[in-house]
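Shared chain: subunit A. Partners: subunit B in the first complex, subunit C in the second.
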Partner chain A sequence: MSCTVRIPSPLRSYTAGASMVAAEGGSVAQVLASLERRFAGIRFRMIDEQSRIRPHIRLYVNTTEVTALSQAVATGDIVHVICALSGG
Partner chain B sequence: MTSALWIGTRKGAFTLRPDARGRGWKLSGPQFLGHIIHHVVQDPREPRVLLLAAKTGHLGPTVYRSSDRGRTWKEAAQPPAFRKAADGEEARAVERVFWLTPGHACERGTWYAGTSPAGLFRSEDGGGRWQPVAGFNDHAMRPKWVPFGTPDGQLLHSISVDPRDPQHLYIAISIGGVFESTDGGADWAPLNEGCAADFMPDPNVPYGHDPHCVALHPGAPDRLYQQNHCGIYRLDRPERCWVRIGRAMPKKVGDIGFPIVVHPSDPQTAWVLPMDGQTVWPRTSIAGKPAVYRTSDGGKSWRRLDRGLPQSQAWLTVLRQAMCTDGRAPRVGVYFGTTGGEVWAGAGGGESWRCIARHLPEIYSVTHAV
Partner chain C sequence: MPLSPSELSRYHRHIALPELGKAGQERLKRARVLVIGAGGLGSPAALYLAAAGAGTIGLVDFDRVELSNLQRQVLFDGAALGRLKTEAARERLLALNPDISVAAHTLTLRADNVLDVLRGYDLVLDGTDRLATRYLVNDACVLLGKPLVSAAIHRFEGHAMTYLPGSGPCYRCLFPAAEEGVVASCAEAGVLGVLPGVLGTIQATEAVKILTGIGEPLVGRLLTYDALELRFVELPVTRRADCAVCGDHPSITAPRDSGEVCEPATASQVRRLAAAALHELLAVEETRAGLILVDVREPHEFATGHLDGARNIPLADLERRLGELAAQRTPVFLCRSGRRSLTACALALSRGIEAPAHLEGGLLAWAAEVDPQFEVAAG
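Right, the complex of A and B next:
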């Protein structure tokens, strides 16, 4: 499966500034592994060592929020990475 | 000798270097703008090497390494991370890397990191790949030793390696206490006798204390100094009972604060920066009149050093990593950074102070590099 991942600005240091990158995989976990192979270190900034999405990160497959990394991804899907900050 | 102060802030890392005439300081940076930088530490075994602990508000924590004195940085291939939890176990994840300490001189490339939640990690490749120190992180007593955290979480800090023995380690945890290992981290024991824990139902507990900062003297490694939530202490090993040397501080000042730093060669000399620990713990300079206090007799007496510092209405807060010396005996330079973004330099061991940088973000650490 081939999809597109929308990279938010805090993570573009890993993608040489690219905001949209191609990735492979039939699940969110596989897409993240594909991203990690291309952009070493990027997965751990989003996913902790217990394979949980970090507290202030949200992932979406198209418009559906990801609640488990096993969630399916189909060819042509867009995986969105959202980061939340507050205050100063 | 080239010299630099590395300033870790809530919004990036900065450096201060003496200007060409040697009278002022030149600020450069920021590097990692927007990143929360808890610690920047030089490797004394390879002075070109620096490690930097970073995270952002939303992204996970990591460590960066420079091998060219901070000009360029490379991210750790495997940042500190707890092992995967088994079913039914507490699933811990590193929220931030809070503290970095180079390993023993004979263990080139070895580093230790302290994290929140309280975890100890070790790298043997210069900070590229980090492994949990299972002897502490999975110690059967750890849940009791580290019962709860501060509002900023549990903090493992003040990692010290005995310069005579790479197997002999000390760590400190807020809240938890001071712990010692004599087998390279395979096993640990509390080392808190004599320290008050006024906030506990039983103030004489063996652990559960709140050490804010512990410093081992590099030239006299049997001597440790501690700035605790409940006072200033000294310990001379092999004794196990800390002595409250903060009792000699002026009563109206008290002996609460965050950092404590030791003289590079004289084990009798140390500096603290008292904070207001009364009522709801404002943690600002006492009565708005900041002062550093220095002992030159191992804590029997303390001398107020405030020449050049604001004399009123200055409500500074200085965090535990935000004070250091330049290591240059006999006229040691002492430096501290405030949460209000000022860096102050105390010449001649803190005899006179001047502000050498202001308008920086909230300062978390000030460290010296040669």
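Right, the complex of A and C next:
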């Protein structure tokens, strides 16, 4: 299944500046693994060693907050990655 | 608090709005709004609040106006360079609207003063550039029951959200924790000058709505804005029952300073190298061989220019890649300003690496003191 992932500004250095990238997978975990294969290192910026979403990151599938990486992703879904911003 | 004939004329276009009217304008006149950070966000927010007739505006900032501020901080002009932001901003706001009062709080908000500063206001706008201050202000607003309108920016992206105590989530529900340094600041990453104009005016809009009791506030909805795509996205945020400050069993019951780059105990164990001192160490083969230069900036910053022999491990990857550092060599962490490298030292110490070093003042200091040709990426 193919979806679109919206990349937050602080992580766009991994995607050569792209704000939207295509990814594959039927779950959030698979989508993140697909991202990692293309953009090495990006998953660790979102997910810690215990496979938990980092506290300054939020993930959504469309407008549903991701609380478990097993959450389903369907073809055409948009996965939003939101990262805390500190600038003022 | 009746409006004077001059005020009736000045605010005519507000009063002509049935939703707001004369009663709403009088509520604005009675209102006391605190703007935290007279920077990119605070500038447009404070200007519009002054123009709108918010009766008392407080400004919190400890900084002075620098030339690099003028690209986006529209409160200031060239004549304000070097002046305290709070004082220059106060004059600007009073010139715009002499019927209001402006209070300057020239200080750094800390756990021991935040409640006293916030207590005198009805609503708080957060436009700070420090994560630690964001959490401190959020916690104080929850504890005092004050509405908080928050925004943040980075490069071409911005966030805005309103927090009403007792109604919906707080900032800690949105992001339970965030470490300074892991989340890059505008100074390190750059920011489109007009971006805070969009977010700051959204904050002022929210403030006017809440103070006059009109419309639907941005509560429980995170608004994200991407200037490059000119796209707004709204995502739901719910209150967390386990939130440390507004949850069912809060662990934070008084303001506390947190998120400092380096705790004092840690700081004493870090070897702080001035640019000239590092230059001397690198010039001698024997001492150079005992060091490993670790540049913790983002890859695109590293690509612009880096010290010979430095390896790039972005701060966010450092925890996972600490094993790459040879135990017998002393790591010297490098970044743009010395902030991320100090955080890297703290992380290294916490993982058992003894006496890590960092370049005090970062590569900016290197360029200023050692190598004027060295190019430091804006981020």
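Structure notes:
Keep this in mind: the second predicted complex is superposed on the first by the 84 of 88 C-alpha atoms of A that agree within 3 Å, B and C clash if a C-alpha of one lies under 4 Å from a C-alpha of the other, contacts with A are read in each partner's own complex, and residues count from 1 in each chain.
Here, a residue touches a chain if its C-beta (ideal position, glycine included) is under 8 Å from a C-beta of that chain, and two chains touch if they have at least 3 such contacts.
Predicted, not measured: the structure shown is a model, and the values here were computed from it.
Put subunit B and subunit C next to each other and count what each touches on subunit A; the higher total goes to C.
When both complexes are overlaid on chain A, the residue A:His80 reaches subunit C alone and has no touch with subunit B. Of the two partner chains, subunit B is the only one touched by A:Gln50; subunit C is not.
Contacts of A:Tyr60 after superposition: subunit C is touched, whereas subunit B is not reached.
When the two structures are aligned on the shared chain, A:Ser19 is found in touch with subunit C, with no touch to subunit B. According to the touch criterion, the shared surface of subunit A, contacted by subunit B in one complex and subunit C in the other, consists of residues 10, 41, 44-45, 49, 56, 83-86. Against subunit A, in their complex, subunit B makes its touches with residues 34, 56-60, 62, 75-77, 79, 81-85, 91-94.
Per the touch definition, subunit C reaches subunit A in the complex via residues 37, 39-42, 126-131, 134, 151-159, 174-180, 182-186, 189, 191, 196, 222, 224, 226, 228-229, 233-238, 298-300, 314, 316-317, 320. Residues of subunit A that touch subunit C in their complex: 6, 8-10, 12-13, 19, 41, 44-45, 49, 55-56, 58, 60, 63, 65, 80, 82-88. Interface residues of subunit A, counted against subunit B in their complex, comprise 10-11, 40-41, 44-52, 54, 56-57, 83-86.
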